[in-house]
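Each of the next two complexes has subunit A plus one other chain: subunit B in the first, subunit C in the second.
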Partner chain A sequence: MTHTTDNAWQHPEVQLASGGYVVAYVAGLVLMGLSLWIVRGHVLAPMETGIAISALAGLAALIQCVLLLHLNISETQIWHTVALILFIPLFILAIGLSSWMFHGLYRRTMLMPAAHVSAPATGAQAAGAMKAPG
Partner chain B sequence: MSTATNGTLDAKRSPMWSAGYGHDAISTRTLGFWLYMLSDAMMFTALFVAYTVLGHAFNAAGGPWGATVAHPGVAFEETVWLFSSVLAYGLAMIALTKGHRGGVMLGITAALLIALGFLSVDIHEILHLFRMGATPERSGYLSAFFTLVFYHGLHVVAGIAWMLVMLIQVAFTGLTEKVVYRLLNLRLFWHFQAVMWVFMFTFLYLRGAIV
Partner chain C sequence: MLVHIDGPWSPLLGRLALSEIPYKNPILVGTFVFAMLVGVVLVGLATYLGAWRTLWRDWLTSVDHKKIGIMYILIGLVMLFRGFIDAVMMRTQQALAVGPRSSGYLHALHGYLTPYHFGQIYTAHGTIMILFAATPLLVGIMNILVPLQIGARDMAYPYLNAVSLWLTAAGAALVMASLFIGNFAHAGWFGIVPVMELPYSPGVGVDYWMWAFQLSSIGTTLGGINLLATIVKMRAPGMTWGRLPIFTWASLSANLISLTTFPVLTVTLALLALDRYVGTHFYTAGLGGNLMLYNDLFWIWGHPEVYFVILPAFGMISEIIPTFSEKPLFGYLGMVLASLGIAGVSWGVWLHHFFTMAAAPAVNAFFSITTMVVGIPTGVKVFNWAFTMFRGRLRFELPMMWASAALFLLLVGGLTGMMNAFATNDYMVHNSVFVVAHFHMMLLLIVYAIFGGVNYWFPKVFGFRLEQRYGKMFFWLFTAGTAVVFIPMFTLGFMGMTRRLDYVAFPQWGPLLDIEVAGIAIYALSVVFLLAQLYVSFRDRAQNRAGLDAWETSRNLEWMTHSPVPFYNFAVTPEIHARDERAWRVEHGVDTVRPERYEDIHMPRNTALPLGLGLLSFGLAFGLVWRIWWLASVCAAMIVVLIVIRSFDNDTDYTIPAQDVERMERDIRDVPSGRPVTGDVAGGVPAFREGV
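Let's look at the complex of A and B:
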């Protein structure tokens, strides 16, 4: 099996990674520069800024997954792609559910400054204050 | 040897599979390592969760937080260093597709040196924060902030050490099957750091600066 050792670099996993790096580099820097400009220049309201930079991060990550990690649906790469796609719900659930839990916790323990508490929560907040051990 | 595996792995295009080499080491090892990288991404997820839920002024316990701690300008400088290092490693991988041993070593050396540049900016920034009293033990917010910064920095240190090892292996043993799959795994590791950095830059530094 000598040729497998000599020509290991001819393996499809090596050959598929033959380009796209410069495009990924430029796109990554442009998108991150755009995010920086949005935040530095106070171009948008805080809420819109959050959404805009999240969208730009998602786009940059997508470009890098395709051009740097070479994820696609070819026969050699399909399981890499499937594993990543199955990872995304775990990522969103972990962050989303934890934020939701702590949002409720902070409201009920009155740790949140009054300005940040939404109106319907006032009742729960008062009840929480009475039950709070101090 | 499994013929089913042979069929799914595109036997026609690879000289290795057509030679009756049923157990394709390179493909199985890169897939295994990719799954490991995704579990590492779950670690990052957990740390981002901690940073998100502690990202309120009261978790800073009266200490520094927000724009005082998160400096997007410095973070963008780090972005340029890290992406450049990733690009240099990509150029090493292009040399690998042609079997150019010298090109591979040149690319990895460049990636390694640029990664050291990233690390120096990172350490300089951490020391700057320490001097202004923003230390990990100051508040829950800063604990979460620095845990993410250190965890990411540790990846860069690991990447630099790994590149050093690969330089030695490429120099002394050449592009053997074992060296090639390690170069591919290091590619997955290093290029995944670019993806993670996009989230670090956006949600740690930019988001931290606008709260």
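Let's look at the complex of A and C:
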């Protein structure tokens, strides 16, 4: 078992905080709200929607890494940053191979036809999607 | 916001009504009566023996890693029994329901189980055996052993450890509750998409499955974090990475997998929960949903999970074989790299679970190759075990019998696995019982390793060895059962029999299914001998008393403390000099040296909060299953309150003064193994708990 510090203010995470948490929280809310707006309002074509919300998710992850997890190369935090050795290959494997599989999948199946239409979604398309079986 | 559910709903009871209690089903009524009788006997026994205080103080509120490990193993054994009964029902149903002329009983057209009931049974069997039997058994063994092997007093986070245990217990209890209240999922243990979506499974079965899965996955993630932190930060002085015992290395690799993949499962199931409760369309057919997203996400967790359960099993085999070959393990570095290699490859093979689901040929080829690559580190391990045995003084005592039989299962399971790894071949055998027989070989390998490990470390935890005569009969009957069930199953797979059949349309499969029933009967008989082994061992425990080193040729740190292990593990934290510390000390004649002075020991204090969190999680999940919103909200709020209360609790540890340690150590008499002892302690882990 570990020896803990009873005073929470002494924890290194708290010592390092210095306002970054609030910024990260607000930024997270804004980015999620933006994604929600894009999806709910159908403001972009399906493929562009996917790209846009992926980019926003990437930005949110970056903000969390820097402002919440304090990943940097300073002496105190370098070991947290080294954890990326595990994270980056896993990220490439899980996301990359999944995207590769789905990329080929759409050409072979009739799953989710709307995803490959690049034109902005029209009322007719939305109505068509509503009638899809299942 | 919430999805509209057809059928009755009341604010007080949600979807729960008297009609949901299956009191008309004789099988379930019989099970209920049996469960109640066992419960009454256990409660009566505890009251008669006056054990409630001990139970509460020494077990339910304990944060001791050994007791938590034992409780994990008890949960695993109970669920193993439940899963076994499910297996018996599947075997008998398939043998009875062969051909159109087969008769039906209990409202079934053929056999005695309706398709709906049969679907629940195979779903429960898979879910239970993987998540509530194999995982708790292995987590329990890792819990007991890892701190002992690295010379730590407890886990890095003893409180979190208890929370993990009770979350797993809550999940297991939820699966059991579904027997008597409502029903269980019929959509397969991995959730056949989109059958587990609300329009196709409007009942509570899938909700039970989903929340039980979720609770156990959160518990296992927390447990993985705990074991990793323990291994990285809590090693005794001198224990460099090169001196880490091989089982600890295996645990480290396994928990790297659990840390990185169980969160994927949590998200996967959370998205399914959104689909079923608030009407999103992540996995639906149509409306923007994507069926393959579920398969992809589930198996990103699902395949690494398989290696999460097999790596500790490999670790146990790697500990047992050197002890009974009386040699150090051959190729330690190779073994470590192979464990990490298996963990590494595990993240890149998941698609082989759905080769037939329209992935591009290049994608299938990639995953075929990665799957075959798993054979390389596994092969390294097998050769290392073989070279360890080569020219060793082999003693085939019970643990060694289980470990060496596991190697044969690995051979059969591994070779059939290679056959399945070819995507082209997989098109032929996908969804057939050949695949079922293949993965049962691998899971039985884990079961064999667990039985080997339990026999091997039992004296360390309880202070006496398990009896060998009944144990060997259990081993041989269990092995016979394995052969008689699974050789016909492989054959049926080649004959084209598909999985999950509640009715068998081809009468020529009948004889082989009958042989499988004979095999499951042998399994059932073997359980009798297991119980006899446990009973006789307990009765004759004074004759089977074990000393420090129960097997005389053990090599690791855990054999340097007393058997049973005192609650503080080591009176003085040992200094590590070599890879096999115990063997090194025996060689240098310093294994019996007593420490010249004792120091204060810093220990975590018991707490009832984890038990409370477990009960509340059960309430939360039960409320969500039946959509009893008030119950779910109250439990969720109480969970937050308990966590806040705990964070303000500064009185979480205590110190045992050095003179108390010295007194307790003086009172413990280590006797050579096998010598009868009079007036000895009752045996078991709680033996040395005075002084608290």
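Convention: the second predicted complex is superposed on the first by the 80 of 134 C-alpha atoms of A that agree within 3 Å, B and C clash if a C-alpha of one lies under 4 Å from a C-alpha of the other, contacts with A are read in each partner's own complex, and residues count from 1 in each chain.
In this text, contacts are C-beta pairs under 8 Å (C-beta built on N, C-alpha and C of every residue); 3 or more make two chains touch, one makes a residue touch a chain.
These numbers were taken from a predicted model, which means no experiment stands behind them.
Shared-chain residue A:T76: touches subunit B; no touch with subunit C. Looking at the shared chain after the overlay, A:T109 reaches subunit C, while subunit B stays out of its contact range.
With both complexes superposed, B is the one of subunit B and subunit C in contact with more subunit A residues.
In the superposed model, A:A94 lies in contact with both subunit B and subunit C. Once the two complexes are overlaid on chain A, the subunit A residues touched by subunit B in the first and by subunit C in the second are 1, 3-4, 8, 90, 94, 98, 101-102, 111-112.
Partner subunit A is touched in their complex by these residues of subunit C: 153-158, 194, 199, 233-234, 256, 260, 264, 284-292, 296, 300, 347-348, 351, 358-360, 362-363, 366, 602-604, 647, 650, 652-653. Residue ranges of subunit A in contact with subunit C, taken from their complex: 1-4, 6, 8, 86, 89-90, 93-94, 97-98, 100-105, 107-109, 111-112, 114, 129-130, 132-134.
Contacts from subunit B toward subunit A in the complex involve residues 8-10, 13-16, 19, 21, 26-27, 30-31, 34-35, 38, 41-42, 45-46, 48-49, 52-53, 56-58, 72-73, 76, 79-80, 83-84, 86-87, 90-91, 93-94, 96-99, 175-177, 179-181, 184, 187-188, 191-192, 194-195, 198-199, 201-203, 206-207, 209-210. Interface of subunit A with subunit B (complex): residues 1, 3-5, 7-15, 17-22, 24-25, 28-29, 32-33, 35-36, 39-40, 46, 49-50, 53-54, 56-57, 60-61, 64-65, 68-69, 74-76, 79-80, 83-84, 87, 90-91, 94-95, 98-99, 101-102, 106, 111-113.
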